[in-house]
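Right, one structure below, let's go through it.
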Amino acid sequence: MSAAEHSKSELLIAVIARMLDGLGHVAVGASSPIPGAAALLARARAKKHLRVSVLGSLRHNDFTDGAREIFDCAAQGRIDAFFLGGGQIDGAANVNLVGLGEYPDLNKRFPGSYGSAYLYFLVPRVILFRPEHSRRVLVPKVDFISAPGVSAPGIYRPGGPYALVTERSVFSFEREQGRFRLHSIHAGETAASIAENTGFDYDSPASVPETPPPSAETLALIRGDVGADIAEVYPRFAREILTAG
Amino acid sequence: MAFGGVPVETVEALAARVSDGAMVAVPPDYSFVAMAATRAMIRRGVRDLHLLAVPQSGIQADMLIGAGCVAIVETAAVSLGELGAAPRFTAALENGAIAIRDSTCPAIHAGLQASEKGLPFMPLRGLIGSDLMRVREDWKESENPFEQGDRITVLPALKPDIALFHAPFADRSGNIWIGRRRELVTMAHAARATLVTVEEIRDIDLMRDEALAGGSIPALYVTAIANAPKGAWPLGLAGHYEADQAHLAGYAAAARSRQGFDDYLAEHGA
Amino acid sequence: MAFGGVPVETVEALAARVSDGAMVAVPPDYSFVAMAATRAMIRRGVRDLHLLAVPQSGIQADMLIGAGCVAIVETAAVSLGELGAAPRFTAALENGAIAIRDSTCPAIHAGLQASEKGLPFMPLRGLIGSDLMRVREDWKESENPFEQGDRITVLPALKPDIALFHAPFADRSGNIWIGRRRELVTMAHAARATLVTVEEIRDIDLMRDEALAGGSIPALYVTAIANAPKGAWPLGLAGHYEADQAHLAGYAAAARSRQGFDDYLAEHGA
Amino acid sequence: MSAAEHSKSELLIAVIARMLDGLGHVAVGASSPIPGAAALLARARAKKHLRVSVLGSLRHNDFTDGAREIFDCAAQGRIDAFFLGGGQIDGAANVNLVGLGEYPDLNKRFPGSYGSAYLYFLVPRVILFRPEHSRRVLVPKVDFISAPGVSAPGIYRPGGPYALVTERSVFSFEREQGRFRLHSIHAGETAASIAENTGFDYDSPASVPETPPPSAETLALIRGDVGADIAEVYPRFAREILTAG
């Protein structure tokens, strides 16, 4: 694969990294190899001006007060961005990490809500990341709200959703409207293919730009230092995906 | 054999201290999980545990659930991480074989800190609007007493009967070194009893070593210790050994079926 | 000179970051008190501080009060310990020269932990029936939401502008080693800014040293550092040097009078 | 001074140490040399079965979670005994560590309440220790209640006052009655001298026993290991008082 070519993972890493430019501290939770790699890429580009805390990492995690520190730190306003996934995500940016069906009698159980029901409220820039872009995942209404996308007035909520990144496109989240807006579509997709595969309503500009590909420099960073860095926490990811280049 | 009031015993004896029905707090996969003791609990056939993951769990919860040791799991998540869903956890919930108290990480930390402080409850931000508030009937929406109209959640204390984990080393007085894994400190403070397996017992005094004391749990909170070299295997012990990825992948594949899980247990001494 | 985002500066420059009127949290006499920085603050003539002792103070509070730097002191106690009452504190209160917010140790810890957690309040046991409840109009008696009729106190968060202390060492990235003095961790988490003087800056990486990381405050919470060898003198620095008992006794005697205190300041560089 | 002779400090250390026999964990707060020495004496006699935590000590203090740990530990029910003093103590065992006069316009300011307003509620056996036994200190009603001796029903209070030790006598505290009872008087005092110097009402048996003096063995321990141990935290106390023997 030449520098101009890139894998979907590399594109997503580059897309997410751009959303972190200029921030001071990005935290990455469990089971998040692509966001983790994106944060480490952003750090490499920011020349140490960005602090990255990868949960489960010894080398890329400066927390010293135990597993609770990330939550305290977020509540103190010291974490600028975080990532959440979701077995289902709906058009109001509600995320479901619990399961499909009528709780507690679920047809399909997911791992659980992790810290979503807290961090989604407190971290200013929460980036939703879910590669699968289908009507199965992007639904009109989630079966279980692990964490709500928007809150009623009067609820303490300095944080919330910023964007949704999938294998097909990037949506930004408009907090005032409580709706997603299509921001860019990845090469090979069209406005129609996005609409076809998205189960919720969203806003869209008249013409949707294509997601810019990663530069050769970015790809070199991903395949070099970033890949080596992420291997500590996600050895399979680092081996199987990043070495494809 | 006892020293300083903290008995040192076999892993079997330590595991036998976990009574049927006990509420047992365990750390996440990356934080000093007592896997040797977990296998001993399965061999002993402990039943009806209320497993409290602090704040989530992986293979430990999956094995205990698969082996029929668990009645209730209280957790922010159970997953094998990069290896995908935890198969026995998922199957047990889809079959209704166990009850779950779905939580979120900071709620579990807050509940333990309430017990650490002898408080009946702790307030927590977030949560309001999550369906967790709907399904957790023990959580309440309340009001900030210092600002009218500011709604905030209050959570009851979580008081485990037992905190169970594996640590790099203890000293001869029963003090335990845990480094930066301070959720273990909170677990030990909050629980009625704390059971610890260790890689080794060192001939030092952790309380009089200023470099190490700050990363230690005093014997005051420790009920019993067992020597268990490689006691976190197949998980890793940060700074000591890496997780056995091949073994974990083998577990993830085997545990997809009931039969595969049973074969795994039979093969791996549990 | 800066590294990793945390500037290293002179004690004077560090002290100059403490604005008039700031709420400054300081540790007790046995826990890493920044006395060199305190003298620098007095030299600079800082005014109207809201001094928060975590949870009590000694010569540091007494000197700042005597030098006219303090408007409000919030504390569980101020005393010179074995050397008796803190003379400038006592005189200032008997003269009405400063205001006091009388507290009790765990209330100060609870208020800081509320800020650490971004909570508007924390509950606390005890207190009910103490006259502290009468004079602290910001403390409220409330009810345990999980047990009708169980009265419990709620305390508002304490959010210092600045946490100020002295530590044995920092590394080149601005991480600070504090060992078992974990009230300093809470102070740093709770405060808007954290100023630290250190005995030395070591050429290590505290975050990658498993033995030391657990006793360290990450640079994330540190605003600025100053090199100040013997920076806790005349107090001691546990594990490094003992308190200068003769000097402290001299202070206790001198500070009994206004004139004696002023002579002490003139003689000892503040 | 022969073994049979002893200082008043040595008597008080021995008296307090007897109150700690059989306990599992005794904590000692700031500015408490005699209670600290008593706890270390009790530990020496209990052959390590008693744990002693002396605040401010590096060598006799196993707390590792900072200054808050003693309070958390007490709330967990893991501290059996603690000590409080008081500029004033009244007959209902209320203690005043704040000052004399009408708060906040005090005529005489004391250091402050320390942890009293909390630990008095939570530690089962709180021993009040105040050497000065006079009507100035032992008053009908304290000017400021740092911590109340008794609480209304329904107030969470597993702990409270156990005894009051002074230079003249020992009182026990009767929680049901909310009153002190004279338990023993030190050599040289009489029931009348106690009454004369005590400002509050208390119960008294028909005949009040004399406080037993420390044994030769106890004195040897105080002057040996205990003195050496306490010197770390209270060097002046250890030097000036214990070496008098």
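Each chain carries a letter (A, B, C and D) given by its place in the written order, and its residues are counted from 1.
Rule of thumb we're sticking to: contacts are C-beta pairs under 8 Å (C-beta built on N, C-alpha and C of every residue); 3 or more make two chains touch, one makes a residue touch a chain.
On a predicted model such as this, the values are computed, not experimentally measured, just so you know.
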{"item": "Chain pair, C-D or B-D, that carries the greater number of C-beta contacts", "value": "C-D"}
{"item": "Chain A and chain B, separation of their C-alpha mean positions in angstrom", "value": "28"}
{"item": "Centre-of-Cα separation between chain D and chain B, whole angstrom", "value": "40"}
{"item": "Inter-centroid spacing, chain D versus chain A (mean Cα positions, whole Å)", "value": "59"}
{"item": "Residue numbers of chain D (touch at least two other chains)", "value": "58, 63-65, 71, 75, 122"}
{"item": "Chain C, residues touching no fewer than two other chains", "value": "118-119, 124-125, 150, 152, 180-182, 185, 210, 213-215, 238-239"}
{"item": "Arrangement of touching chains [line / ring / star / complete / other]", "value": "other"}
{"item": "Interchain pairs in contact, sorted by label", "value": "A-B, A-C, B-C, B-D, C-D"}
{"item": "In the complex, chain C residues that touch chain D", "value": "27-31, 54-56, 75-79, 81-83, 85-86, 89-90, 93-94, 96, 99-100, 102-107, 109, 113, 124-132, 135, 149-152, 180-186, 238-239, 245"}
{"item": "Chain D to chain C touching residues, read off their complex", "value": "30-31, 33, 55-56, 58, 63-69, 71, 75, 97-99, 103-122, 144-148, 151-152, 154-156, 234-237"}
{"item": "Complex contacts: residues of chain C adjacent to chain B", "value": "118-125, 140, 142, 144-147, 150, 152, 154, 156, 178-182, 210-215, 238-239"}
{"item": "Residues on chain A engaged by chain C in the complex (per definition of touch)", "value": "25, 48-49, 51, 58-59, 62-65, 71-78, 122"}
{"item": "Touching residues on chain C, where the partner in the complex is chain A", "value": "4-5, 115-119, 175, 185, 189-190, 207-208, 210, 213-221"}
